[in-house]
Every structure is written in structure tokens, then in C-alpha cells.
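Got a structure for you, written out below as C-alpha cells; questions coming shortly.
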């Protein structure tokens, strides 16, 4: 029988191993699976490669994971924000690797990973430093750069509602990278604001079909990252 | 002001020109825009290249368009069904061209066309006659074939409900190729079972955002192709 | 020993054999024809979710006569139902599931299967036939495990399991297991390994009716 | 003639100039900063739909203080609203809209724009800065028409419109029109064509403060 629901965030992330590559959803705070990330901090896996649009804010969530020195490398489009301090410091000291990827290329590389497409051509970044060393090719007179699929061992994603089959719906712009990341990881782990009965999600409105999800855990009152940052909270909790 | 609703199917298709390439939605009868196709038969544009999963049934819809000798070439995955007679006859007589494409490659080529991806690699058809003459490449020890985007001048699509912005929702498996085809045509023309007020479609459940749609026409009681075929109907109506 | 074409297991028994190899929680795509019967024989206590490549995960049974929904069909264009917990999606997303390796098992029919697991099931190569491929090439290239269900021989008695396919290929080295009316056969690195023989079928008879060398399970 | 950095049009006037060039029914993506002001100046009677690359078509105004929704933000991570008729989608679909040429106009800021329409707006090249690109490269590569809004000169008085960008490029030959505090300038095959001068700005002054040759509109 299929039941992907697990009881706790620590159980949900328990098999994340040292050296794993992890897709982490979210665009800034919107969609960031803060509680799953904190569980990963508790777990302590190290040498991680993180794929995420940003590199965290303040000293909670993804920033706290980096601050805890669990992250070897980050693949992202925008690691710098007004309230990000952890990543910039480590980066300037040369203590964390950065692979900078245009946002649309990042999304498409992840989607390709989930869709069995090993590589594709895109016009983004052509003639810029981010295409240096990459293969280019002309189609119909326009130059494109070859980009490769980006898969992960795990995906940590936040959604609005889930059922025990792993069907997911999201909330507004918290959807962002979640659906493509769910498709592109060996093990997709989701925190949902609520678990609903099978059949309660309209089949026309399912955003992530359950086939892409391995585990779901209910986090009914997820933290708002920006509030934690404003309150200068720090994880592990200060 | 944005209002994509037009009054009649003939108005909706009026600018389809001779020699156009047209994406036509549908998987068999499910999602086939029969009324738009019939309007195109009335219009009489010739020398068309049609991209569609199938090649029509009986003597209505896409089969009637072919029978009316408006189609020069068809790009599809499955032109043969138990009740298709028109295409097979013309094909055997060498009077219509066929480009046979694996179904998933067809869908992905159309999606790429809409997404600005000129080409991508796929494992489907490698080592088969359908990959003959195509460029292949090895990624991580596995061979893939290079496939190109498939765009069209027009897309004819059937949906369930639409608003004046062109936002669409579909019905069950009638969704099939509709959403990707809407993205990959210069001019996307949609027949909807109903036109609803802006705001009535839940923004979380919009399947085709209006940006991809040029014209919408209400066809409140679309014909069921299989009933027409069973009744041996023929278009223009016998 | 003389056996008629339909000797050994019935198609329902073949489907049952395949069904026993589908694990609890599997995501499964069933090809058109005999493979569709597999759904009727999933052992009690296992929950299997069916994918149909035209955009539905959680396909239910074929619709009862009179309650057909023309917009709810399967890949064979039969009218079907959807289970609670189903989801609809477009064709590119559906084949992303297939190509991306998310479907656990696909059960297909075949014209021929080679000893290396090549499969031919889309074209007889007859220039008078209208070629049609559908999703077969995507399925064999993308699904993790490919099962073939087929009569062991053609109607004229020719072996369908061969050293090299003579029909145009659907995919190369993709088939994992073959269920025929005579036997269940694994495709392995070492060759074709017979796992089970139908009642009344001997290994010698099986070998005589197979175009490639067979090994007996240790 | 001496002019201070903020001479000529105000940033609101610059936004207003750009807004006049946005047609009724346009799908528009506005970059972070001055470009965001453009939405306030769309002429009466025109309906414009805003796309934000983090997954919303039909973005409304910035949220009023106290009613922020932490899960409804724009690309600049400001809390925003959605209009009736909006739609949400995931990041790959959002950038398919961008890359696929479906967005009509994108309005961006810039460090530099070249006479051929090259733009540099993501990196100063300073190795002490943490590089960050966001969606800028996808936008300039994919959106049909690119408008740049920028102060004509840097704070230290250097021209931002140049023959060749010295900062790392975001894209090559992509900018169509530039709105500065001094002028509105078209990027054409023939070079930079001045369409309009701000009050009190002469062509000579403009040319002195521009790093590439300018043409006057015929």
C-alpha cells in the first residue's frame, strides 16, 4: 500500500548522506523548506552540494546550513541579497564554491534532469563570461550554448498541501522551483502545510503528481524566514 | 484592453494562409478541435503541414481536412487507427508526406519550440530507423539523438473553459498536446466549451496562461468525433 | 511432441505471471492488448498506480458501457476511469515521467525480442503498412524495467525470441523479462535464462521453438 | 553648461517616457529598481499584464503594509498582489515564457549599454563582489524588446552609454531603446539615434556625456 507520509522532519531527511547533491526549493523565503533544512542541520551531513536559486538570508534556513559548514558548493543564480551575510563571507574567504547559473538555465537544467534530457541548447549567457568554456552552436543563424541536466540525490521542497500518494499543490509564488526539483532527484522529500485525504486534491489541479515524491511530512506552521531574520534568530535556535 | 474572444470559428481561423504549419491538438478524438478544423475546411487553405499526434478518423475533423486535399504533409506519431481510412489511402498512393516522430519526442519538440530551446538530446529512437541520419551523442556512456524544436504558424486547440485573457483549463485527458502546442505557435487559436469571466479560473489551476493564446471562440456543444464516425458523417456535412 | 499455438499458458495466465512481478507501490504503464490484462491479476495487498502516456497517472478500469467520457481515454483510446488521487498533465510532462525514468515498469507486446533484449514492436517493415510508432520508443528508452508479454511463436510457428530482430527495432538492449505462453524468461548479461516453464512444456521443446540459445535457471 | 547628476528628467519622468512606449495588451517584465516605476505611468486606456519571473503572470501592485503574503513575492522579493485573471506557474514554465519570446517588453536597469545594444547589468567585475545574475541573461536573450532605464552617467560622471562595455556582458545586441535622465535613445542598425532630449539638455551636451557617437532623429 502506498503511504508516503512520515511523522517527523528528522525521519524525512534521515538518509541524506555526506557528499550528497541536494535541490532545495524556494525563491528567497517563498517556498523555502526551512524546517527540512533545519532537520538537515540537526542531522549534520557534510560536504553537500546545494542547488538553490539563492544562498539564504540571515542565520536561519539555507544560510544556517552554510554557516554550519555543511555545504561544499552551491549552484545558484543569485547568492547575494541585502540580508545575506553568511554566504558572501565564506565566498570571499574562498571557503565555499559557487557555480553561478542564469536563473532560467538553472530551472531548465533541473527540468531536463527530471525529464531524461541530458543536454539542451539555450540562448541565455551566450557572449558572456558565464558561457566561457562552454560549447556553442548556431541554429537558424543564432548562437546557443549547450547546457547539461542537473540532477540531485535529494530534493527538499515545501508545498501547500499533499496527500499520501505524494500529490502536491503549492501556494502562489512559493511554487517556483519546487515542481521541477521534485522531478529531478532520486529522493524527493516534501514538507506540506497540510496533509489531505486522497481524492481531496482536484486531479486537474495537481501540480506535482505523486510519482515524483518519496516522502511527505506535515509542517503545519512553517516559519516565515523573513520574520526569523528580522528577529535575528539563528539556527540551531539562539 | 485585452479581449481575445471572437464570435465565430470562421473569424477565429480567417488568417490561416496557404502553406502554413499548424499544430492541431488532440489524442484521437480527445481534445481534437473539430469545429476549428471544419472552419479551416470551409476556409480552404491549402498546402498545409499539420503537426498532430494522429491523422484523424472517419471522414470528419482532421481526416476530412486531409480528404479535402488541404494537407501536404503530416508530422505525427500514430497515423493509423482502426477507423482511419483517409490518410492511409493517400499515403499508400504517395499523395501525402509523413514525418513519423516518437510521441514523447513529438511532445518535447513542440515544448522546446515554445520554450526557446532550439534543440535537445533524447534517448528515444536511438538505434532505430527513426534515428537514421540524425546526429547522436554520448552523455555519461549512453547514446542520445539530437532533436529540433517544432514550431508552427498556428495552433488549433480545444479546451474546457477560457477567459478573455486567454487563460485556459482543459478536461481530463483532452489536455494532452494542447498546452505545449499553445506555446509553440505564432498564432494560437482555441475553441472553449465555455467562456468564463476573468477571475473565475483559479490562478493556481490555470493550465495555459493567457500569454500563449491569441484568440478564443466558444463552441458550447462540440461534436464527439467518435459519434460522427459511428454515424458515418462526412464534412462538409453529408 | 506437437503443441498448438495456444498451448501452455493462456493469455490470462501470462498476464497473471507478469502481475506477480509487479511490486507494491509500483508505477506501471501497460501497453495496448494483452498487457492491459495484467491489471486484473495484481496480487491482493499490492497497490499499483497506472500511468497512461496520454496524460493520466492513476488510471482506473475501463468505463462501463453507457458511461463513456469521450475526454477520458487511455493510450489505446479506450474509455477509462480515474482513481481518487489521480492527476492529469500534458503530453510533454507525461513523457518527462517516461523519459526521466520515473515509471517503474512497462509491459509491452512485441513482434520480436532478441537475446540481448532488443525489441521490435512498432513496424513489420512492410512498405504497404502505414508506419505508426506512438509512445513505444519513448517507453522502452525511458522506463526502468521493460516486460514483454507475447505468444512464444507467430501464427505461422516462427520463433519471436531470436538472436537478432529482423523487424525494425523499437529499442536496443531494453527488455528485462519475457512472459510467453510457454515460459517466463529473464534477459540477462549471460543470455536468456528460463525462470519457469508452462505445464507440459519441456526445456527441449522451448529451445526448439526459440531462435536464440536458452539457459536454465540455476 | 554644468549639470548635476540628476539633471534632466527625474526617474519618475524617465519611467513615464518608457511607459508611453508600452502598447495596449503588452506582456511586460519589469526589472528591479527604477523599471518598477514604469507600471505607475501606463497611459489611460491601455491594459498591460505584468510577468514576474518567479512564477506569476498578472502581477498587481506592491502589497500594502500589514497585508504581506510571504508566499507572494516578485522577482525583487517584494511582497506583491495578483490581479484577477492571474496565473501561477513553476520556474521552468516561467522561463519558457521568457526564452520562448512570449514576453513583449522587458525594462531593465544597466551599468553600461553599448552602441550596438550590448548590455552589462549583472557584474561590476570586481572580484570582491559576490557575483549574482538572476534572470537577467535569460531576459535579454529571450524577450522580444528590451528597454533600458538608467541615469545617463555614473555617480562619478562617467558615461554609461559606450562604444564597448567594459563590464562583463549580460547579453550582446539585445537593447532596443534607452531611457536616461537626459534623453530617449533608439539602438538601431545605423547606431544610437536620439529620439527626444530632456528639457535643458542640448545634443552637444548629450554627446559630451555619451561614450559613443549619437545621431539625431531625422
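Going by the order they are written in, the chains are A, B, C and D; count residues from 1 in each one.
Keep this in mind: contacts are C-beta pairs under 8 Å (C-beta built on N, C-alpha and C of every residue); 3 or more make two chains touch, one makes a residue touch a chain.
The model shown is predicted, which means the values in this text are computed figures rather than measured ones.
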Subunit C and subunit A - chains in contact with each: B
Pair of chains joined by more contacts [C-beta pairs], B-D or B-C: B-C
Length of the line joining the C-alpha centres of subunit C and subunit D, rounded to whole Å: 56
Centroid spacing, where centroids are CA-atom means, of subunit A and subunit D in whole angstrom: 29
Whole-Å gap separating subunit B and subunit D, where each centre is the average of the chain's CA atoms: 37
Shared-contact residues (touching 2 or more other chains) in subunit A: 108, 111, 115-117, 122-123, 170-172, 204, 207
For subunit C, residues contacting two or more additional chains: 82, 88-89, 92, 95-96, 98-99, 141-142
In contact (per the touch rule at the top): chain pairs: A-B, A-C, A-D, B-C, B-D
Subunit A-touching residues of subunit C, taken from the complex the two chains share: 24-25, 27, 45, 47, 49, 51, 57-58, 82, 84-89, 92, 95-103, 141-142
Parts of subunit A lying in touch with subunit B, wherever the complex brings them together: 108, 112, 115-123, 137, 139-140, 142, 144, 148, 169-172, 202, 204-205, 207
Contact footprint of subunit C on subunit A as seen in their complex: 1-2, 111, 113-117, 163, 165, 167, 183-184, 198-199, 201, 203-204, 206, 209-212
Subunit A to subunit D touching residues, read off their complex: 27-31, 53, 77-81, 87-88, 91-92, 98, 100-108, 110-111, 122-130, 170-180, 207, 224-226
In the complex with subunit A, residue positions of subunit D that touch it: 52-56, 69-74, 77, 82, 88-92, 94-96, 98-99, 123, 128-138, 141-142, 168-172
